[in-house]
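Each of the two complexes below includes chain A, the first together with chain B, the second together with chain C.
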Partner chain A sequence: MMEADSPTWRVPPRWVLLVAVLMIVLAEVGGGAMARFKVELTRWARDGMLARPSVHGLVGVRDVDERILDEALVKFDAGLRLFHMHAEGMGLVIIATSMVAATVIRRAAARRTIIALLTTGGAGYPVGYLAWSALIPSYGLERSKTIAEWLVWVPFGTATIVALWCLAGLVAWTMISRNRA
Partner chain B sequence: MTGRALLAPAALATLLALAATGAPALAHHVGAYVPKDNAVTTNFKQVKFSVQAEKFDVALRLFETGPLRAEMRAHAAALPSGLEDGTRAALATGDGPEVERRLMIFFAALSRDLALEADRQIARPDATAETRVATGRKFLEAIWRYYNLVDFAVATRDNTTSVAVRLAFDEAEAYVKPAATVGTAPADPAGLRKPLQRIAQVLSTLIELSSTPPRRNS
Partner chain C sequence: MSGTVRRPPLGVVLVALVMLALGETAGAAMSRLKPEIQRYAAARIAANPGAHGFSGSAEYDDEVRDRAIFTAEAGLSFFHLHGEGVGLVLFFASALVAAVVPGRRARAVLYVLLTLGGLFPLGYLVYGAAVLEMGRDAGIELAERRVLTPLGVSAIAGLVGVWLALVRRRA
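Now for the complex of A and B:
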């Protein structure tokens, strides 16, 4: 069996593995902290919202405001949960996809670019959920979502999706050329 | 087939699956919010279902220890006199229709007070039109959350009032809905005041008329 046909997977660069593992560690720490400090986090978010009534459209009537606060707190909690879930998942996605890229792509420049996009995109995207949650008390639901979208989700999410499609295309191209040969 | 030849199709399938599921992620799913009952509406439902099941001892205990009674006390000044004591007495004697009537008055009063407060806040000249529309929308949600609990009881006693409140509510909603298509009228905070005032007026009349216990033929 030739070296090129070896079934052995190639390990991605160490910094990529480090970032992926760090993401998973952050996800676990985030999930644990979310459960451990649930009351403190909720209190902090609620106080932040009550300090900015106009941002959240509070009207000073409990029957109306409690629903607005409840929705914001549910979304605040959802943001933390989604960070935990996405960081865990994207850590594994970074490891898996960069390993495919390291194994399948022969051209060094393409390999490096795709691995860099997968890693930065995959590591950055989940942070958007954390940022969204953290911004809700100060900027309200919609504005904080817009900020998180344009600063984090759109750039990092696009990087990941573009890199995945490029990688899929390159893998398909490799298969086709091998069949022709 | 060599190892690398097997690896490539498997990797391709996985990548395509990841990329395909990644595309909808552009919508940035941030969770859905389902409005929950507050303490008062939860307690109301507990009491109501206990009364319907003719478990008046349970209903009385739930009423005496729950936030519904506390809320009645907090709003005592705006309610017909003796509403709380009468509700308690009706529960103690197992008079289901009387309990329903008194709870209907209470929630009608809460809805009326919200409609009056909404009208007051929407009339404020210092707020922008967008703020007033948003305020109106939130108040309408809160009014409906309370009124909806007793609409059936209102309709069975006075269908005209129920229809009048619903029509006024529909009209008010039309003023706070964002324009769906180009050419439709934009949200109008000034127009919202009339249906809100009508809701308050109709509910005031209902509270006034319902506060006298119905005569029972002997």
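Now for the complex of A and C:
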């Protein structure tokens, strides 16, 4: 009987677990930093936006500009929060799914590919929210979102989604072939 | 301490994985297909004017339509959030059952309860769709009563069962 037939877990490679735990640590640190340095972060973002008035469509009229700045600061804060939330979640997703892949997938190449996609996709995706927030003061709301979307969310998110559905398919296939046997 | 740790049946693992995959896919769809989803929602609402209590007054009807679209989108957003979260809860709780619950029958009962609870996020898909087809209040009522409450109770019962099994094991 192969190892994959045994009803016990196999542990994923150590680098995968290190990446997953690091994501969770970064998420915790991010959450703590958001609370502890809220004023400093807001000031940094606001100063960055005031230094580039044309990027943000600031017109020099206080009532108008404050509304624009407030909206951008809400998004800046939302990006940090979403990083905190997604990094915690994806760290756990990497641990759970790579453990299933390590246990169930028999072919070494397929197992390595799926684990690599799950880990890089899961670890990279939340960084997009951090990048989005960091880019808002320099590039404005829409452009920073587009950059984060095409450089981070789309490639890393797609990697995770494709790997997850492949893994679900392989688990289903394993169940079917065992029932046939 | 070293040694092997038992895993839950593949059927339970598959449900957890599918929930995670659906949650991820819904998140991507929410982000990439927002205008299409809003257009589809508006079309379904327009196809069911009676269910939404349209009065013929453009101002009132627009407000009702906006509220229904917002609620349907919230359903999709809750599905994304709960799909990811409940998928993980099912995975880790069932792994715990496999590792620490001694009786085969007790394990089977807990797997069934937890797996049904793992389907809880689907209630939010029903929530979103029912709001569009039946109107906001009737749709929410249906999803809460028929899907979210029974599946949620099942998840809670399963988790309480895991807790009791851990207490018994320690004693």
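To be clear about the criterion, the second predicted complex is superposed on the first by the 176 of 181 C-alpha atoms of A that agree within 3 Å, B and C clash if a C-alpha of one lies under 4 Å from a C-alpha of the other, contacts with A are read in each partner's own complex, and residues count from 1 in each chain.
Going forward, a contact is a pair of C-beta atoms (placed from the backbone, for glycine too) under 8 Å apart; a residue touches a chain by one contact, two chains touch by 3 or more.
Predicted, not measured: the structure shown is a model, and the values here were computed from it.
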Quiz item: Based on the superposition on chain A, does the combination of chain B and chain C result in a clash or a fit?
Solution: clash
Self-check item: Touching partner for A:132 - first (chain B), second (chain C), both, neither
Solution: first
Quiz item: For A:161, is the partner it touches chain B (first), chain C (second), both, or none of the two (neither)?
Solution: both
Quiz item: Which holds for A:68: it touches chain B only (first), chain C only (second), both, or neither?
Solution: first
Quiz item: Which partner does A:172 reach: the first (chain B), the second (chain C), both, or neither?
Solution: both
Exercise. Considering only touches as defined above, state whether A:89 meets chain B (first), chain C (second), both or neither.
Key: second
Exercise. Give one of first, second, both or neither to describe whether A:57 is in contact with chain B, with chain C, with both, or with none.
Key: first
Self-check item: Partner touching more residues of chain A, whether chain B or chain C
Solution: B
Exercise. Mind working out whether A:97 is in touch with chain B, chain C, both or neither, as first, second, both or neither?
Key: both
Practice problem: Kindly classify A:78 by the partners it touches after superposition: chain B alone (first), chain C alone (second), both, or neither? | Solution: first
Practice problem: For A:153, select first, second, both or neither according to whether it touches chain B, chain C, the two together, or no partner. | Solution: both
Quiz item: Across the two complexes, what residues of chain A are contacted by chain B and by chain C?
Solution: 6-9, 93, 96-97, 100, 103-104, 149, 153, 157-158, 160-161, 164-165, 167-168, 171-172, 174-175, 178
Self-check item: Of chain A, residues touching chain B in the complex
Solution: 1, 4-9, 57, 59, 61, 63-64, 66-68, 70-71, 74-75, 78-79, 81-82, 93, 96-97, 100, 103-104, 128-129, 132, 145, 148-149, 153-154, 157-158, 160-161, 164-165, 167-168, 171-172, 174-175, 178
Self-check item: Footprint of chain C on chain A - complex, ascending
Solution: 6-9, 89, 92-93, 96-97, 100, 103-104, 149, 153, 157-158, 160-161, 164-165, 167-168, 171-172, 174-175, 178
Quiz item: chain A touches which residues of chain B in the complex?
Solution: 2-9, 11-12, 14-16, 18-19, 22-23, 25-26, 28-31, 33, 35-36, 38, 110, 114, 117, 121, 131, 134-135, 138-139, 141-142, 145-146
Quiz prompt | chain C to chain A touching residues, read off their complex | solution = 4-7, 9-11, 13-14, 16-18, 20-21, 24-25, 27-28, 31, 84-85, 88, 91-92, 95, 98
